[in-house]
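What follows is a group of structures, each given as structure tokens.
The following pair of complexes shares a single chain, chain A, combined with chain B in the former and chain C in the latter.
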Partner chain A sequence: MTRSMDKISDFVFRNATYLIFAGVLIYYGIQAPSFLTPESLVNIVKQASFTGIAAVGMTFVLLTAGIDLSVGSVMFLAPLMAGYVMRDLGMPVPVAVVAAVLTGVVLGSINAILIVRLRVIPFITTLATLFLFRGFGTWLTSSQQFDFPDEIRAFGLSGVFGIPTPIIVFTAVALVAHLVLAHTEFGRQVYAFGNSPEGARKAGLKVGWIQARVYIICSACAALSGFMLIAQIGRLDAAFGEGAEFDVIAAAVLGGASLFGGIGSAFGAVIGATLIQTVKLGLVFTGVNLYLQPIIQGVIIFIAVLVDGMREKQVLAKMKRTIRPL
Partner chain B sequence: MRSLTSTVTASLIALGGIVAGTSANAATICFAFQDLETEFWVAGHKAITTTLADQGHTVLERNANEDANKQLEQIKDCIAQGVDGIIVIPQDGESAVTIVKEAQSADVPIAVFNRPPTDTSKGIVVVADNKTIAEQAVDYIVEEALAKAPADKTLNAIIIVGDLGDPNAVGRKDGFYAAIDKHKDRFNVVEVASKWDAATALANLEAAVTANPEVDLLFTSSDFLFPTIRSVFEPRGLWKKPGEDGHVMMAGLDGDKTACQLIKDGYVDATGVQDLYFEADASLKAILAAIDGGEAQPNEVVQDPGFALTQANLGTDEMKMWGCVLLAGK
Partner chain C sequence: MGDLLAFEGLSKSWFGVPAVSDLTLAMRENSLLGVIGQNGAGKSTLMNMIGGIVEPTSGRMRWKGADYEPKSAADASEAGIAFIHQELNLFTNLTVAENLYIDGFPRKFGMIDWATINERTRHILGRLALDVEPSVNVGHLSPGERQLVEIARALHNEAELVIFDEPTTSLTPRETERLFETIATLRGEGRSIVYISHILSDVKKLSDDVAVLRDGKLVDQGPASDFSIARMIRSMIGRDLGGQFPERSNTPTTSAILSARSLSQPGVLQDVSIAVNRGEILGLFGLMGAGRSELARVIFGLDPHETGEIEIDGKPLAGGPRERIAAGLAFVTEDRRAEGLMLEAPIAENLALVSIDRFGKKPFMLVDRERVAEETEAMKDNLSIKAGNIARQPAKALSGGNQQKVVIGKWQMQSPKLFILDEPTRGVDVGAKYEIYTLIDRIAATGGGILMISSELEELLGMADRIVVMNRGEVVGEVGRDEFDRETILSMAFREVIA
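So, the complex of A and B:
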């Protein structure tokens, strides 16, 4: 009896995020049955894809016990540069996508240089670049709205076999990130660095280069995320992306990434971003009072993170009591 | 085109003239704004700074980039520099109260432009009558929608609400309901939060339309969200002109260039117009009069009555809307 209870509790804690996700879906589905229609579910994943792409990049940084607070500003500045490339140089959308991602790489490199070469801690570095990147973009636009050429909206609203482009891009980013983290030497090095930077250094890993690459990847993902979102609207305003870093970090953490490094996965970020969006859009579906929506959002996300934290403790406690791998 | 250019020039000269009549001495004015993210703020910023500079006043501009704490520090800095008066576009109603208090404690006259403090008894407060303006715009689309619908049909209405920390957003929401409640039994209302953020509005509106695919009427609390609405409506066949199948009656509020173009094109049916030039003029007149009169803590509320530009009065009232003036000037 006790053994079977243990098994159940193990199962619950191991799959806490998924169970909460399922619970949220069922609850909203009962409240508003149209919430579970294919169109609605596709919309949830589509809206989650913007935060999700950036959250996948953020997972790389969190795995190294770092943090990147500048992602919201990168989401603003990178599509802006792509917009100039389209509007002033007359370049097509694919070139603009490349321009946005390259801008992300450059911005990520600035973070990387400050963190790895100048040894400024990531929190301070990216807090500074949060203001630096947004300030630069605000200066370029003089705080005014930037209208993109019409082609960008055609791209943003396009799809393949009925699947919206943002979902395809999100899936591709998550798959590539999963392959890199789970099946490449670099991926293993990222986990090793996150678990013990000193141990990784003593093992002969080029820790500076590992750390630099995760910030570049994170900014590149944020840039792509910003571009995909702007491609939906076709207009960038001065406040675009502001505060997005909190959603992105919350999605990655909700997906199981530890702020202390070494734990997390690309698919976890996908689940985290989708769960957050499910909670938000479910409130719209069920017609919850606008004043109550932020409170309910906060409570559900807090519960999810709390249960996730308890799960982590439970798993660690189990590992101490057994010599067998869990 | 020449007459339109003349209209714009005349407006600015008239604005300058009125202000010149109240102020003989050159003053140093601190103009602190929260950001310039919409056409309304850009045009307001231009009207205020250009007129002050033309009158020989020195303008210290401070952009808070939507940070209320930063704006308070900027105001303190302006006071420390010994400015004669302050014009502020605050981030929200609560921070505006603190800013006005700070200025009045230092005996510096202050005017709040367009976004009112939650307590309007202190400082010069120039504000649009958001509730009435919104009600006028929504009245128009409600009547049009009801006229076209069968008498027994319940219509679906969506309101995109702004940041509920902003009194303007609350006023506009109240105005929407004042119009809808006149025909309470005929409407189902869905509220969509935007927090004045295009990305938030996009996600929430998409969900709202997925949940309620039949939309008869939409009111956005700000015209700047029309491109976002288009992104959601167009793929669903709801972005149509009057007479085309699927046309949704739409109204906004602000009166910007985008709204003007969309009304002319027929996609949008009405928008509530804040009289930007009146508000800029009133702010300047009041602050300069206080400086000249040596009044350190002037308290006054100046209300912009505004109006609604609709498909019905477009021909006669187009050039009363600042967005149409700017559009023509382009």
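So, the complex of A and C:
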């Protein structure tokens, strides 16, 4: 009896996000049937793609039991660099995208050097760079709004066969991340490191290099995410991306990434980001008081983290040291 | 046949304290060397030197006739040496195949070639007669199966020497049998093996040669056929040193302070009953992983137990550590620095930590600093803690022995009925040890009960009124002071009958 209960609770823990997702969709569908029209659903995914791209990158970091709080500032600073490349050097959009991502790589490398070489814990390192990166951007712009050339919006609002560009970029990022995580040596080593850093070291893995790459990937994704979002609005103000790290981390954790490392997937991040966006837009659709929305969002994030904690407890219970056969 | 692995004058000391000293030993090709020794005899340090985890202070190692100076675990693995540790080193979130190939996957177009690794893994698992799919997560396997996966990893790395460190600790008898068959298979393939174990009969049965370590030195070696289990135990037993211990100044009463009956917890304890009387020092002996600290944690309410009951002064103990401290328990843990002290905080604060509740001053129950200062100062004098200004000096500035006195003192402030002391003299120098022994004797003489856990049999022989021996989570024997005998106790701990 207890065994089948265990199985049920195990199933619920494993699929908590999907269950919540299904519940949310059904609820909104009943409340406002227009919510489930294709246009509305495409809009949800499009809006989710910005947080989603960054959440995919964040998943790499969470898999190593690390954290990156600086993504919001990277989302601000990287597009700004791309903006200078476009405005002052007259470069076209593709070059600007590359410039943004390269900026992300550089910023991620700064995080990586501090964490791997100087052994400052990720939380503190990225809290510091959160202020550092934004501060640098604020200094460059003197806190003034930065206007991008018009072509960027043309790019941002474009699409292929009716599919908005952000969704295509999001899909591509998620697919590549999935391939890297599930089917390359580096990806599997990220999982191994997250499961046991000491074990990874003893197995002769290059742990420093593994750890460095996840922060670089995370920042590069955040940079791309910021650029895609800026491409929608065409200007960058001083507060852009502030607090985005919470949405991004929440999306990754909702998608099943464990803050304790070793568990998570690229598709999970996609689901998590889409779920958050579904909840947000659904609240608008169903006409819920605007001021209640952050509360509901907070509750959902709390549930996700709670489930993660309970899951980790289960895992720990299984791993508890025994000194005699059970 | 030449020597596979040889040590020449190999030494390693930690801060001047030798862990392995001047070890010279050679191992033949395709042989099985059994290594035995008491806790702290230097086995782990030796293995860590072979494995590239620690660097020798002096001397050298030779591997297949050439100098061998591993700088990392990867160097050892590359040389063809694999370790099967007691605590397995597998990634539980990855599959069996991934665990084998984690340090280098065969690739196709940059992606992992799953077909190839699954097929090769299946082949290796087949050689070990392990019937699990390569794509199963290691987290789903039993301890015995995990160990076979670890051995599979060694085979995959083409290890010529496989070092087993206490491999049977968490295995069932059946799994142990299977392990021995696997070891025979490995030997059949021409591989050499180092087998470290506390189970002497296994060592005798499996080994070609036996090496005995004591205090970091090689004290006995020879063909296994020349070794009786009695000789193994004799060789492992330490030196004789008089005057290390104060005379016990009281005789214990027969009224129990603590009595624990039939404590069981799957995987940890099996039907453990233990009683400590007023004024008694009860020694708890056992090898590493025998379940002594685990028992202490259960008694103190840190870990759960499924069946059995614990009473203090005839009243059942319930709840967590908080309730148990209130009932009169005190626990000096084995990890003084991490669990026993706030290293950065002043000595006085450390001393007042447990009893801070007592120092509330009306009307707002704020801490009465003057009384804290008075009482902690009195405790400092009482225990002769060698410190200047205890309100200023942080605990980390004290020597190991004085730190331990602070830990004992913080409990004494509460006048507990029963002290659990887990390795109370670990990392304490000889002089300070004597002072701690005196302190323990004094607690017993004033009617307290003491449960003293130690890996040093000598100190239990010197201090305890009675010694209870544990092995694999069970109580396997009990010896009164007038019957103390090293060989009897050790053979219980090693669960052997002296032939």
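Just so we're on the same page, the second predicted complex is superposed on the first by the 286 of 326 C-alpha atoms of A that agree within 3 Å, B and C clash if a C-alpha of one lies under 4 Å from a C-alpha of the other, contacts with A are read in each partner's own complex, and residues count from 1 in each chain.
The working rule: contacts are C-beta pairs under 8 Å (C-beta built on N, C-alpha and C of every residue); 3 or more make two chains touch, one makes a residue touch a chain.
Remember, it's a predicted structure, so these values are computed and weren't measured experimentally.
When the two structures are aligned on the shared chain, A:Y291 is found in touch with chain B, with no touch to chain C.
By the touch criterion defined above, A:G162 reaches neither chain B nor chain C. When the shared chain is aligned, chain B comes close enough to touch A:Q232, but chain C does not. Contact with neither chain B nor chain C is seen for A:G90 once the two complexes are overlaid on the shared chain. Legend: residue contacts after superposition of the two complexes on their common chain; A:F240 is shown touching chain B, with no touch to chain C. Which of chain B and chain C touches more residues of chain A: that partner is B.
Residue contacts after overlaying the shared chain place A:E39 against chain B, while chain C stays out of touching range. Residues common to the contacts of chain A with chain B and with chain C across the two structures: none. Against chain A, in their complex, chain B makes its touches with residues 35-39, 41-42, 63, 65-66, 161, 164, 190-193, 196-199, 202-204, 206-208, 210-211, 224, 227-228, 231, 234-235.
Interface residues of chain C facing chain A in the complex, by the touch rule stated above, are 53, 72-74, 77-78, 87, 89-94, 98, 102-105, 107, 110-112, 114, 139, 143, 169-172, 175, 266-268, 270, 289-291, 294, 472-474.
Taken together, the chain A residues at the contact with chain B in this complex read 32, 34-35, 37, 39-40, 43-44, 46-47, 50, 134-135, 138, 142-145, 153, 156-157, 229, 232-235, 237-242, 244, 277, 280-281, 284-285, 287, 290-291, 293.
Looking at the complex, you find that chain A touches chain C at residues 179, 183-185, 188-189, 191-192, 194-196, 199-205, 262-263, 315, 318-326.
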